[in-house]
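What follows is a pair of complexes built around subunit A, which joins subunit B in one and subunit C in the other.
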Partner chain A sequence: MLNVRNINKTIEDKKVLHDISFSLTAGTITGLIGRNGTGKTTILKTIAGILDPTSGDITFNNLSIQKHPSEKVNFVYVSDSTQFLNSYTPNEIAKLYISIYPTFDFELFKSLMSRFQLPLKKIRSYSKGMKAQLAIILAFSSRVSLVLLDEPTNGLDPIVKRQILQFIVEEVAVHNVAVLISTHHLNEIEQIADQVILLRDGKVDLVASIEDAKERYVKVQAVFKNELPERLTLQENITVLGKIGRVYTLLINDSISQTYALIEAEHPLLLEEIPMTLEDIFVILLGGDDYVS
Partner chain B sequence: MLLELNPRSSTPIWEQIVNQVKELLLKNILLPGEKLPSVRELSSLLVINPNTVSKAYQELERQGVIETLRGRGTFIPASLSLKPDEAKLAAVRQTLKQLIIDASYLGMTKEEFLKLTHDYLEEFGGLTDAKRT
Partner chain C sequence: MYPKALWKLFNKQTRFVLGAYWFLTLLATPYMYWLVGRFDTDNSFEFHHSLDSLTGNLTLGAVIALACIVMGYARNNRYNEFTLTLPYSRKTIFFSYWSFGTFHIMLATSMSYILTYITIQSTYLHTYMASGYLWKAWSGYLLFTVAIYSLALFVGTFTGGFVSQFIITLFLLILPGVFVVTFDELLRIHTVRDFSLLQYVSPAEPYSLSMLTNTFEMFIEVKNSVIVYEYYLPNWSIHTLLSPLLYIILSLGLGLFLFSRSKSENNGKIIIFERFQPYFFGVATILIMILGGFIIPLFLPFVQPERLYSFYLGAFITGILCFFILRRIMNKKLTWLK
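Showing the complex of A and B:
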């Protein structure tokens, strides 16, 4: 549905995005993850057409959105800052959305406002959580094919957060919307996303379904009679994550079963697999770098 | 329908749903003819990806544990027609054999083992009347 092909973006002589490519399918949720300052928001804004790519192409149903800007009527971008809403009432904002999105469903908007118990007074009086809910209600009431959410659950309490995530999965299940979410909350995205895109220094490091990503890496705990056998330290796809006493935590990356057999051939006193989370993959792939420059 | 998912488990979420629905059925918490939540309802309830729920339902349907009636929803069939899977049966026999070996080395007596087996069959053995196709 949406194809991002070889996007590059340079802002003030600094290359922010390098050769970004991925695609999104209707009815799926994609998580965009990466450290602060790696270009997540820039990617969302580029798809939304707020920023133009320096080179590369974004197509929606095979039409380039640079050449056919009217195609942008098929997506909504929800910024992580909701300050701009302040001086309006929800109905005024809805009118603005109606004029932009001909598919906007005002009846749905009203019913969602009452489902989430949002008052129809000036948005300035809203709490942070209410503003975030309103922005997401507006986006899904627009009945577009693609919703871009920039850190939608930032700073929300656990109950509101759960309501918003529930609302997102329902919309995807019923209306076949595609959703792209940038987030740091890996445990949330792990359960709701079909695929994740991991960014590092403005480049795509990994695009995979959550299950594939978890299958590519296996974390094991192993104890050997002495030190870690040299044959294993020479294996390129084994990384030592940590060592406490004689207990090694090892990460195996690809050719899992062969490597497992290699370790077993060294007669470990203990060898057991530890479940991987998306957070482990994130820390392993991105943790070694210096902090954001 | 109450499912407990463990996101930290190495068993994929869809497989946990398959296993737990089968367990609930054996415990008679789900009854024949009962309607299961829709994909939308279950994904919202558990806050998980709807495609994960679809995948679990497809697998349950393939195994003959549930049936989808067009436009009406997903149900536990009134009479279960289980589809025996030879490969899985062989794996079960192998697991049972290994369990007996382990239990013997742990000093468990034959009586204890049989009593445990009997108790579990009492708890989960609700499918003995199901016909095999």
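Showing the complex of A and C:
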């Protein structure tokens, strides 16, 4: 459906995107994750046509979006800024969308407005979270093949956040929509995404399904009689995620069974595998969890 | 695809300035004629109408503001990001900016002149006004206004916000005059001779867009039902009308070229194309320095303003200030968003 091929982007003599390539297929949710300033929004804006790539190409159904901008009728970009909505009422903005996207489903729009209890008054009076909800409702009511969401759950309270995520999953399952979500809320992506694209310094570090990503890593808790044996600390594929008392939380990357055997050879008092999270992978790949919420 | 959605979008975006433009256009001519025409004058009166009035200049300001809202302000508040994500090519978007504004200018101007025509026909003015002047004034005013709107849009393709687009448009409109006067003064202060360059370039004045503000004018003096004095400006020639046509064609052509290559990542900066920035910086600094050379000495108690060293002292002070301030401003992104 959407192919991003070798995209490079330079802004003010600084290369912000390096050779970005990935594909999206119908009926999948893809999480675009990475630390702040790694180029997540730049990628979305480049796909949406706001920014021009310095080199590379983006195709939708094998047609270059730059050469055939009319193909953008098949997707909607939901920005993290919803200021442009302010001067409209929900019905006015829906009518505008109808004139842009011939597939816009006004009945669906009305039912979603009612489902998410959004009032039909001036959007200017909405809270930030309500505006974000409205933008998502408009995108999915457009009945397009691809929805690009930039930090969609920012400003949403936990209940609405859950409702919105549930709604996105439903739409993808029922209408075969492809969704690309840029976020650093890893727990949300982990719940709903089929694949993740992990960015580091403007480069794609990992493109994998959530399951594949998790299979590449194992997280264990281990207790040793004394400190962590030196032999283990020297292992490059072992990362210490945390230590409470003598309980170490270790992340094993690649050569899982050999490394597991290596740890067992040190006769730990306790060694057990614990569930992996996307955040663990994020931490090991990008180093440090200070940007992860 | 006819960009009806874009027109809807621009309509919402510009509704206040568009309303002001319509109001001023209808006020500028028909209302003024009506005000004069409704009085009983005993067949003796003086009637003067000029576009070089507060209303006329405000109307022109509204035309430039319309272009600056639709492009510059949209860059400031990221409204244009929404526009660029829509399924239209950049050429279609730019052409829609132009067709949207031109449509309103044509409609408002035509309505204004139809109302004026009705006013003239229904009052004593029709006895004295030269036939054909209204038609000439309408066609000329329309062309010049569309040319100014086109120029402002063209400026919007390389500027990053409302303020820079507005100021640079005004500057380009008056540039020929400012350039000649400044150069004249520069020569005079260096050679102590008065070259009066203006007299050599004044034949070119009709070809400048700035003529719009000071030459659409009529005056009739009637005494006892007899016209004792009258004049109508401008006196049209085909060359006069070629000038705005050329402005429109060039602005549209260059505008389409630049807008297709728009650098949205620099929205909010004075100039969005990085390669243009040093040239803009250089030209702006030199012009401001020259201006400062004439103005600053007037405020310095210890120098004589007419002396050459005073000019260079003023230019130096302005140059230093301009260098640091402009360099700082040029790297800033001015945005209005939450």
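Here, the second predicted complex is superposed on the first by the 256 of 293 C-alpha atoms of A that agree within 3 Å, B and C clash if a C-alpha of one lies under 4 Å from a C-alpha of the other, contacts with A are read in each partner's own complex, and residues count from 1 in each chain.
Following the convention adopted for this analysis, a residue touches a chain if its C-beta (ideal position, glycine included) is under 8 Å from a C-beta of that chain, and two chains touch if they have at least 3 such contacts.
Keep in mind the model is a prediction, meaning the values are calculated, not measured.
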Touch check for A:Ile11: first (subunit B), second (subunit C), both, or neither?
-> second
Would you sort A:Thr28 into first (subunit B), second (subunit C), both or neither based on which partner it touches?
-> first
Figure out whether A:Pro69 sits in contact with subunit B (first) or subunit C (second), or with both, or with neither.
-> second
First (subunit B), second (subunit C), both or neither touched by A:Lys45 = second
Touch check for A:Ser87: first (subunit B), second (subunit C), both, or neither?
-> second
Figure out whether A:Val283 sits in contact with subunit B (first) or subunit C (second), or with both, or with neither.
-> neither
Which superposed partner A:Ile100 touches (first subunit B, second subunit C, both, neither) | second
Considering the complex alone, what residue numbers of subunit A touch subunit C?
-> 11-12, 45, 48-52, 69-73, 76-77, 79, 81, 83-84, 87-88, 92, 95-96, 99-100, 128
Across the complex, what residues on subunit A touch subunit B?
-> 27-29, 162, 165-167, 169-170, 172-174, 187, 190-194, 211, 214, 273, 275-277
Partner subunit A, residues of subunit B touching it in the complex = 5, 7-10, 12-13, 39-40, 43-51, 53
Footprint of subunit A on subunit C - complex, ascending | 1, 4-5, 8-9, 12-13, 77-79, 81-82, 84-90, 261, 263-265, 274, 337-338
